[in-house]
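One structure is given here, and the rest of the page talks about it.
Labels for the chains are A, B, C and D, by order of writing; each one numbers its residues from 1.
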Amino acid sequence: MTAERVHPNYVAIWVWLVVLMVAGVLATRLPLGKSAVNSLIFAIAAVKAALVALNYMHLRSENWLIYALAIVPVLLVVAMTLVLFPDIVFHH
Amino acid sequence: MSNPPRVAPSPSSVAQAAHGELGFWRTYVFTTDHKTIAKQYLSLGLFMAFVGGYLAYVMRWQLAFPDTSIPGFGFVGPETYNALVTNHGTIMVFFVAMPILLGAFGNFLIPLMIGARDMAFPRLNMLSFWILAVSALLILISFFVPAGGASAGWTGYAPLSARAEYTGVNWGINLWLFAHALEFSSFLIGGVNFLTTAITMRAPGMTFSRLPLVIWQLLTASVIFLLSVGPLIAAAVMLLMDRLLGTSFFVPEGGGDPLLWEHLFWFFGHPEVYVILLPGLGAVLEVLAVFSRKPIFGYRWIIYSTLATGVLSFLVWAHHMFISGMDPRLVMPFSIATILISVPLSLIIFSMILTLWKGSIRLATPMLWALGFIAMFILGGLTGIVNGSAALDIQIHGTHFVVAHFHYTLLSVVIFGGFTGLYFWFPKMFGRMMNEPLGKLHFLLTLLFFNLTFFPMHAVGLAGMPRRIANPLQYEFLKAVQPLNVQITISAIGLIIAQLPFLINFAWSIMAGRKAESNPWEAATLEWTAPSPPPHGNWGEAIPTVYRGPYEYSPPGVREDYLPQDRALAAGSAKERR
Amino acid sequence: MFLNWLPENISTYGGEIDSLFRLIYYITLAWFIVTMGAMLGFVLLFRRRDGQRAAYITGEKLSQVAWLIVPTVLVLGLDLWIDFRGGDAWAKARLHVPPSELQVQVTGKQFNWEILYPGPDGQFGTADDLQIDNELHVAVNKVVGVTLKSKDVIHSLFLPSLRLQQNAVPGRKFHVWFQATKTGVFEIPCAELCGFGHSGMVGHLTVHTAEEYDKWAKEQWPAATGEAIPR
Amino acid sequence: MTVVFEQSTPALRGKIAIWWVIASEVMIFGGAVGSYIMARAASPGWSAEAAHLSTFMAAINTFVLLTSSMTMAMAFASYQKGDQRGVRRFLLLTILLGLAFLGIKAYEYTSHIMEGAVPWSGSFWSFYYMLTGLHALHVLAGAIVNFILFLAAGRGLSTGYRIEIAGLYWHFVDIVWIFLFPLLYLSY
């Protein structure tokens, strides 16, 4: 089950990760608005996380159960945080 | 579906089974056998139930006859009373309900009912029990540290719980938090083990649509637990830092937010209710099918309802917080979701009742407990609608009405669901039968005193008596309900005494009960194909192969009135389902 | 039989809550009788008899599933009915706040209710503010606006007769209101565990007639003229 | 239903179990990070506190952890090729990189504490120490697991599928850091 797997080029992924990291750090120097910079750096972080999960964790070649295990908790946490926003953040 | 051939036992399990003599420690204490671990969970749960019951007795005595010397305890001051309230809740939920319903039933049933020789990770299984044991020990120790046990309520609302000076209790609450951390990690490991076992180790032919419902419900409970406990673990770390390092995650003076704790607590706290409920429901479903000799009515629909309950359980947590000061616009969505959770659960209840229709019902002890469970659970569910309605919650929040409600749901699950399972699987667990008349006496007394204890609590709560007050006589408006308080206390003592027949029966039957055959109830699921009690490795030469669903009772064309899951039939002699 | 246990309602929106309780009470009572009747009836009817087999009913056929679905849809309908009625009651008690005629600020602290009156000028934070521990005085039929705060831990202001309960959370301020329709003295227990003095943390609400209230106010603020009673 | 793994291999069991562990860990870190995001959004003025952190150090740490993920993946690839020496070499590298991460983190902690920024110096610092501390404990746990595997490989035992399972956990810890880095150091 594990033997026939053709694994991705780990070094190439690593190069991408490092480039993205540098891009993330440089993005904070851009003359953009606060929310634009924040969206940019978190988008970069999400891409990096996806690269690690898909390639190093081999999510690319997993079945739906493993996918669900990776995605459902993330959605749950995001949903929980969003529901709590009115209560914790916007109260006066 | 084609039936796979019988599979030879894996080498490791043969090696395990061959280890006849492991010595006392490896056989009874540091064992990796899932059945012995289940018994360990059961004993821990029963022991802690008596600790929790003792606390309940002291509390009830104090409420009925405030500030008198309590036989077997002495005087209770307000600080002690708060510690009693807190630890009664914590012990009953985390050290009785979870070890018995999830720990004992899960460990015992999952491998036996899916046709596995043991858990996927037997040593991890042992570890999770011993972590729980240490955690229970911490809770017991916490009573004896200076200033006594934790006293901020089982919900540990911050900032009361976040600074020692608000309660006067320092190490009591710290130990209580450590105990929680250990308890959570124990059941996290346990839940991962359950799920992995059920996903990867089912016997040949045991598809998901042939799994017994109790397994479905144990698995759903494990998923709910794994996905809900995380935020509370994070919150517990923060609370511990607040206490030990003086940070202010939940203390407003330092910029923290007490409501955040409430949210994170209930994000776990409410799903936890279903973690406890579902295994109890599952045990009752198994018993209903066996003792009415009928297939469960609408097997698939129960699975859908169970899953729907699991999903909905994540959407209702804030109904504990309607009057906490949360955003009033969020209240109605949570109230609606809460009341909607009655839909899948009523479907399960209807299915239970319809299973009785045209059955051949035998009122043996497990069946009595199962029927008692249905009755009590309907009552608890219906009062839940009262609580779930936000406007009514304004009046009854934090009163004894709520106490009555959650004892009708949670305690009825533990008592009625737990004893259903225990009386039913006792022959398989210990290889002996329990005494029927004593079991029936136990049931009747428990049913009587349970209702005499908790039914009047609704009235006391409606009259406005808050939970967690130590002395109702300090309030003029509660003078009228004091006779009810006295009655509740006497009944509660009766409820505790009503457990004596069980203790006698349990101890006597383990030692000298009638020997049980492998299938004394003529049930169709896999655990009854193993010897009673099953040896290490559960089955001898080969594990059973599964040919059909779990509830083939009274099928047409078969001489007996049940068809075990593992019996191969010659083609054409009887139709096979699914 | 439960309905009599609720304390007598003396608030304008309390009637709404009580009738919601009655609605749920009768619906749930009916369900309890029907389901328990069915269960006990089936148990009596279908006891094991010699030579008789149970019917093989899987409940998977559509005609059989209907027995599950129809009652469940009925439950859903009743749920929605309760939800809509409940939404109205919630809105009346909490969302539609009428302008207040009297203002007080209640601060919970271990283990007292500090009740702050704005005085004749109707403003908090001025010299004529008056703080009285545990004694809340209001006039009958006036809309009373309560600002709820806490100094230390979470408390809960509970007025059973007024169908009013609200937590007081440190670091936050909440506004609740009530309009009492009857005079009398009522207790204000704290309904959220707040420490060792939680039991016995109790204040008193005195609902005066208009004249008595004026008299009380004069005693508290002797300097003020009759027209400047706190509004 | 495709999830019918009757009579599965230990490798598959381990993989499914570790994914369940990761799922619950996501909830733990999610709860903590969610609380941080909300607390930060609720009260302004945290950027000034965050400016005391050294983005440079954190970037180096990110680089170290990303690299360690790559070496961990390569250890698994070596195992698949049956290259036992490669397994040992890459495991050792992973452990050393993990320790380097912890060392740099410890240096950062020390310098903050020298400047007087301790966990109770305000909400930002409380969250900073809580989040990074929780993460550092996970790095430590992962390094210990890797060390056990390294010892096994050193004695000529097969690390087997366990290296894949340890790797999944290690990569997960890496992903947590990938988000903590912008959350704590970059955003404003």
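The rule is simple: a contact is a pair of C-beta atoms (placed from the backbone, for glycine too) under 8 Å apart; a residue touches a chain by one contact, two chains touch by 3 or more.
Note that the structure is predicted; figures quoted are calculated from it, not measured.
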Problem - Steps needed, at fewest, to go from subunit A to subunit D via touching chains - result: 1
Handout entry: Result of counting contacting C-beta pairs for B-C and A-B, higher pair
Key = B-C
Fill in the blank from the handout: At the largest C-alpha centroid distance from subunit D we find chain C
Problem - Centre-to-centre distance between subunit D and subunit C (centres being mean Cα positions), rounded to whole Å - result: 49
Exercise for the section: Could you tell me the distance, in whole angstrom, between the mean C-alpha positions of subunit A and subunit B? Expected result: 37
Problem - Cα-centroid distance, subunit A relative to subunit C, in whole angstrom - result: 46
Practice task
Could you tell me the distance, in whole angstrom, between the mean C-alpha positions of subunit B and subunit C?
Solution key: 31
Practice task
Please list all residues of subunit A that touch 2 or more other chains.
Solution key: 65, 72-73, 76-77, 80, 84, 88, 91
Problem - subunit D: positions in contact with at least two other chains - result: 3, 12, 16, 20, 23-24, 26-27, 30-31, 34, 38-39, 42
Problem - Junction residues of subunit C - those touching two or more other chains - result: 172
Practice task
Sort out which chains touch which and give me every pair.
Solution key: A-B, A-D, B-C, B-D
Handout entry: Touching residues on subunit D, where the partner in the complex is subunit B
Key = 1, 3-8, 12-13, 16-17, 20-21, 23-32, 34-35, 38-39, 42-43, 119-120, 122-123, 126-127, 129-130, 134
Handout entry: subunit B residues within the subunit A interface of the complex
Key = 199, 227, 230-231, 257, 259-260, 263, 267, 314, 326-327, 329-330
Practice task
Please name which positions on subunit A make contact with subunit D in the complex.
Solution key: 1-3, 5, 7, 10-11, 13-14, 17-18, 21-22, 24-25, 27-28, 34, 37-38, 41-42, 44-45, 48-49, 52-53, 55-57, 63-66, 69-70, 72-74, 76-78, 80-81, 84-85, 88-89
Exercise for the section: Using the touch rule from the top, collect the residues of subunit B that touch subunit D in their complex. Expected result: 4, 7, 10, 120-121, 188, 191-193, 195-196, 199-204, 206-209, 226-235, 237-238, 241, 245-249, 254-257, 260, 264, 267
Exercise for the section: Over in the complex, which subunit D residues touch subunit A? Could you list them? Expected result: 2-3, 9, 11-12, 15-16, 19-20, 22-24, 26-27, 30-31, 33-34, 37-39, 41-42, 55, 59, 62-63, 66-67, 69-70, 72-74, 77, 80, 161, 164, 167-168, 171-172, 174-175, 178-179, 181-182, 186-188
